[in-house]
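You will see two complexes here that share subunit A, one where it goes with subunit B and one where it goes with subunit C.
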Partner chain A sequence: MEFGPHLMLAMLEGAVTAAILALTAMGLSVVFGVMRVVNVAHGEFYMLGAVIAWFVAATLGTHPAVGFVAALVIAPLLVGALASLADVLILQRINYDPERTIVATIGLLYILQQGTLMTFGPDARPVEPPFNHRLALPWVEWGEQGLALYWPWGLSITSYKLFVIVAAAAILGALWLFMTRTRAGLVMRATQQDSNMARAFGIPVARVYALVFGLGAALAAMGAVLIVPIQQAHYLMGHDPLLLSFIVVIIGGLGSLPGTIIAAILIGMSDGIISVFFSPTLAKILATLAVAMVLVFRPQGLLGKKAA
Partner chain B sequence: MTRKTLLKPDYSRRKAIRTMGLGAGALAASTALPRFVQAQSAAPIKIGFQVHRTGIGASYGRWYDRTTTAVVKRINDAGGINGRPIEIIAEDDGTDAKRGAEVIEKFATQSKCDIAFGTLFSHVVIGSAPRAGELKLPYFVVSEGHHVASGMLNRYTLQPGITDVKSQVQAMAPYVANNLGKKVTMIYADFAFGHDHRDYFSAAVEAQGGEVVAKIAIPPTETSFTKYFPQIPRETEVVYHVMVGPAVLTFVKEMGEFFGPSSPEIFGFIDSLEAVDIASPGLEFLEGSYFWEGMPRYAQADQTDYEKEYRDAVGVDANGASVTDSKDVSTYAHMFGCWETMNIIKAGMEACDYQGPEQRQALIEAVEAMSDMPAGIDHPQGPKRFNGKTHQTFGVQYISKVEGGKMNVVHTTSIEDTLYPDEVDYTTQSF
Partner chain C sequence: MLEVADIHAAYGRVKTLFGVSLSAKPGEITCLLGRNGAGKTTTMRAIMGLLPVSQGSVSLDGTPLHTLPAHMIPRQRIGYIPQGRQLFAELTVAENIEIGLMTCGEGPDTRDWVLDIFPRLRERLRQRAETLSGGEQQMLATARALCLRPRVLLLDEPTEGLQPSMIEEIRQVVLRMKAEGLIVLLVEQRMDAILSMADQVVFLENGQSRENMFGAALRADPEILTRRLGV
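Right, the complex of A and B next:
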């Protein structure tokens, strides 16, 4: 493949990765920002979203679009409810003590993963996309009659992949409006800035925490529902998103929402481009190296605030 | 002993009735199971079944399990082996090499199995076989990898029921080079099994005057594939693909999306679509493409009686899916290996009048002495020729074309097409 079309394909693939990553990492970032909780089970909430999407689509068994829309509503709600329950039953009981929270969420990771293995089984299961057309993309070339359009071999994207990018951007836009324009968002931001002061002003911090933990998990589940028509649901699929989300959140600055988006685009695009031109392993190596560099030279992340 | 008991009579009506009852029960038991009583011991022969219940090989494991259950039922219903029933002791290895070796150890020392059986994924076989050799536990693998015949393993590891990659690709290369095209791009799973494809197919296609223009390795745990396809050179005439892992459906689908209407010829090993319905949405582009099949998934027009009997026994319908769930597609091109291997174990144990673990060496020698095996219900995939020196079997291979959403066999190779010179003589190794 020539360089131009090759680069364009890489960027399109990278944009899909970045879109999903932004949603998943945003969930992790919201939870950390408001609650100061490192949620190691985040990838499993992502996996659960995909598995529930398969279950909903397979149970309804009607037109793929109906199943998909139902999954997009039901999966995040169920996963969010489960996460809120986990917060009330586990994290609140251990007072969000950082060390114990990490151990508890590692336990949660295994419970969710093995529970899925025991019920859903070890197979990868497909969800049919609501629509899927191959869109061949043109490229310009300096031919005999000047600039001419042509359709290079393999330069294409599917309509569904474009939809994933748009949908992820829309969900993130809605999240931003929710955080900045609604009373609930205001309460969340107040809790983030100073939970003791928020409590003094009568904000039910425990309930806010449970909702935020649920929101974080629901964002991961939404990312998974969007990706599952491309990738298939599998009980081990939570591992990679967890790792990448941590990378994104550390680079962007723990708790900084704009930083998370910038880092997700950075990591997603570079992952796409490096894996297309070189190898996927090298992409992971470089992303991890970037984390190490950020931790050494700018520990608070790109847009994070320095710890007081 | 006290005086009182001495004086007391040693029998009573109640005891007598109990003894008679026991005798009658034993008699009833022996008439109910007449076929097992003539053996010196009617204790079951324990076969440790190393099964991929979880991990990347799970869909194969599910069907290897069903096939093994079916063949054991058939053998036990017909009287077992040397008058003893088979007992399967199944243990999940997680499709993991390290766990595989631990499972072998468990079979040998904890559950006291007579032999171990049934492993598919090459890295698990390579990880487990040395331990089987150390524990002197005969290890009958159903794996396809060239690692047995290459001499990498040991005298205790045998592959009598399924052919190896080297012979398969050698038999495929002439068809690919002469019918589809000379310039081949290979896409393969990046582990031992895929490396066998890479090494032996390249050599075989070059021997046919063809050329491998690119070799693209993809890890079997990969979930997204479009990023690999731009490495396919434009001059490619044939894409040769062999992928495994949970995401094979995504792999094939994204390949179709990449090529669109201007696809080169496509030749795949059915591994890329084992346990996947070929009529899944997004796979329409496979129409007219070719597949290697170890055994044809779809019942063919010239189906034999024994193929039908085998298909019924393992619970697979004419489209290669489970009879109880048409969405549960089998790994039909591989799982026959469990059926045939178990029948070979039976034949070997009968040949050496196997009675217990002290005869493990005699069992291996009995299997090494085997050669031609005719097609039939014991060998439903086709006739086999076992090479006792290399511990590897050879057999016919099938090439199918996708037509109307089904795979129809268009070419069957001969056993001779698959033979290659011996690379090892395990019979010279001491036990």
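Right, the complex of A and C next:
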């Protein structure tokens, strides 16, 4: 395949990665933004979403679309509820102390991971996509008779991958509307800015934190449900999303939601393109290098605010 | 009546209040006076539940406040205007007001009432709070507290850093709230404001309340302020 169509293919793969990454990193960013909690167990909530999606689809055993839709509803709800419970039972009790929170979420990471290994097993398990048509894509080239449209061999994407991009954008759009247009979103933003003043105006901050922790985990689970028909569910699948989410959140600016989306697109696209042309390992190395550069030259990230 | 009885409080392990008592009545302005670090702001924060009270009690018309979770205290219609305003800086004026309205379930009538008191805020509803001038920010902090239709208003240095015209505007609002029968608890550094408004003065020293005095007695002998506060 020529370079142009090959690059387009890589960009489409990158867009899928960016879409999932944006969802997963947004969960981490919302949690950090509102609660100032570094959730090291975030990748395991992602993994649980995928595993529950497999379980729901396998249990229902009907048409893949039914199982997928059920998983898209059930997995985020269950994972969100579990995360809220973890917040109430663990994080609230250690008063969100930053150091102890990191240790506690590392503990949670291992509990979730090993618990999944014990129940789900070590095998990777597939979930059938609800639909999966291959769509050939056209390419435009300047020829002897001017611009010509043709269909290069191998330049195609599946309808499901396009759906993943659209669905992730729709979920992020809904999240934006929730945060900016609803009372619950207003309460979360007020709590994010000043939790003490939020208390002084009747906001039950502990309840808000539990909901936000659940929301962050549910976003990761949604990302996982969307990706699990492309990548199989596995008890160790939370590592890469956790690393990439941290990279995205740091580059975007801690707690900045628009920054998170921009950084997810940058990192996701570059991950897709570099993985296609070179290797996935090089993509991770460069992303980590980008974080190092951001920390040195712009510690607040792309859209984060400088510490006062 | 707002009753504060021998409260003790601490920031973490650092004790800052060692026995503060006061009684603030409806329709009166009670001023807390003291040097820097005497415990004025800490007393306000302890009343609001933002600092746990380890000993003593706070009650409003017989209802204990110190046993309530912090977010339930403002729902007793206690409006708090903190030192430095502490607005939700990245929220708009309208959103800051909405947060105030949500506290006690107030609606459009209260919103209109508050915006009638501060008409300048009506022109700035879509502006982020952090972009307002200092005076407008103070108006917004006051408006946000009034959105609770409060029975008690706690004001911590409301005129700090304001120009004279704005100070007078805030003073008029405080006097209006007093006339409407609110319990007003005021921390203020401006001696002229204290002398002109206070019905009762509580002197704090090293985290303890030392002396209560009627405002009239203070106005009769303003030198007391100099002697007590060294100003």
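Here, the second predicted complex is superposed on the first by the 303 of 308 C-alpha atoms of A that agree within 3 Å, B and C clash if a C-alpha of one lies under 4 Å from a C-alpha of the other, contacts with A are read in each partner's own complex, and residues count from 1 in each chain.
In this text, contacts are C-beta pairs under 8 Å (C-beta built on N, C-alpha and C of every residue); 3 or more make two chains touch, one makes a residue touch a chain.
Worth saying up front: this structure is predicted, and the values here are computed from it rather than measured.
Because the two structures share subunit A, they can be overlaid on it, and in that overlay subunit B and subunit C fit beside each other without clashing. Of the two partner chains, neither subunit B nor subunit C is touched by A:Lys284. Once the two complexes are laid over each other on the shared chain, residue contacts for A:Arg36 go to neither subunit B nor subunit C.
Once the two complexes are overlaid on the shared chain, A:Pro204 sits against subunit C while remaining clear of subunit B.
In the superposed model, A:Ser275 lies in contact with subunit B only, and not with subunit C.
Judged by the touch definition given at the top, the superposed model places A:Arg298 against neither subunit B nor subunit C. For the three-chain arrangement built by superposition, the Cα-centre angle with subunit A at its corner and subunit B and subunit C at its ends equals 140°, in steps of 10.
After superposition on the shared chain, subunit A has more residues touched by B, the comparison being subunit B against subunit C.
Contacts of A:His234 after superposition: subunit B is touched, whereas subunit C is not reached. Of the two partner chains, subunit B is the only one that A:His6 touches; subunit C does not reach it. With chain A used as the common frame, the shortest Cα distance separating subunit B from subunit C works out to 41 Å. Put simply, subunit A uses no single residue to touch subunit B in one complex and subunit C in the other.
Considering their complex, residues 1, 6, 9-10, 13, 17, 64, 117, 121-124, 126, 128, 132, 134, 136, 153-154, 156, 158, 230-232, 234, 236-237, 240, 272, 275-276, 280 of subunit A touch subunit B. Touching subunit C in their complex are the following residues of subunit A: 183, 186-187, 189-190, 193-194, 196-205. Against subunit A, in their complex, subunit C makes its touches with residues 48-50, 69-75, 80, 82, 86-91, 95, 98-100, 102-104, 144, 148.
In the complex of the two chains, the subunit B residues touching subunit A come out as 53-55, 58-59, 61-62, 219, 222-224, 226-227, 229-230, 232, 234, 246-247, 249-250, 257-260, 262, 275, 280-282.
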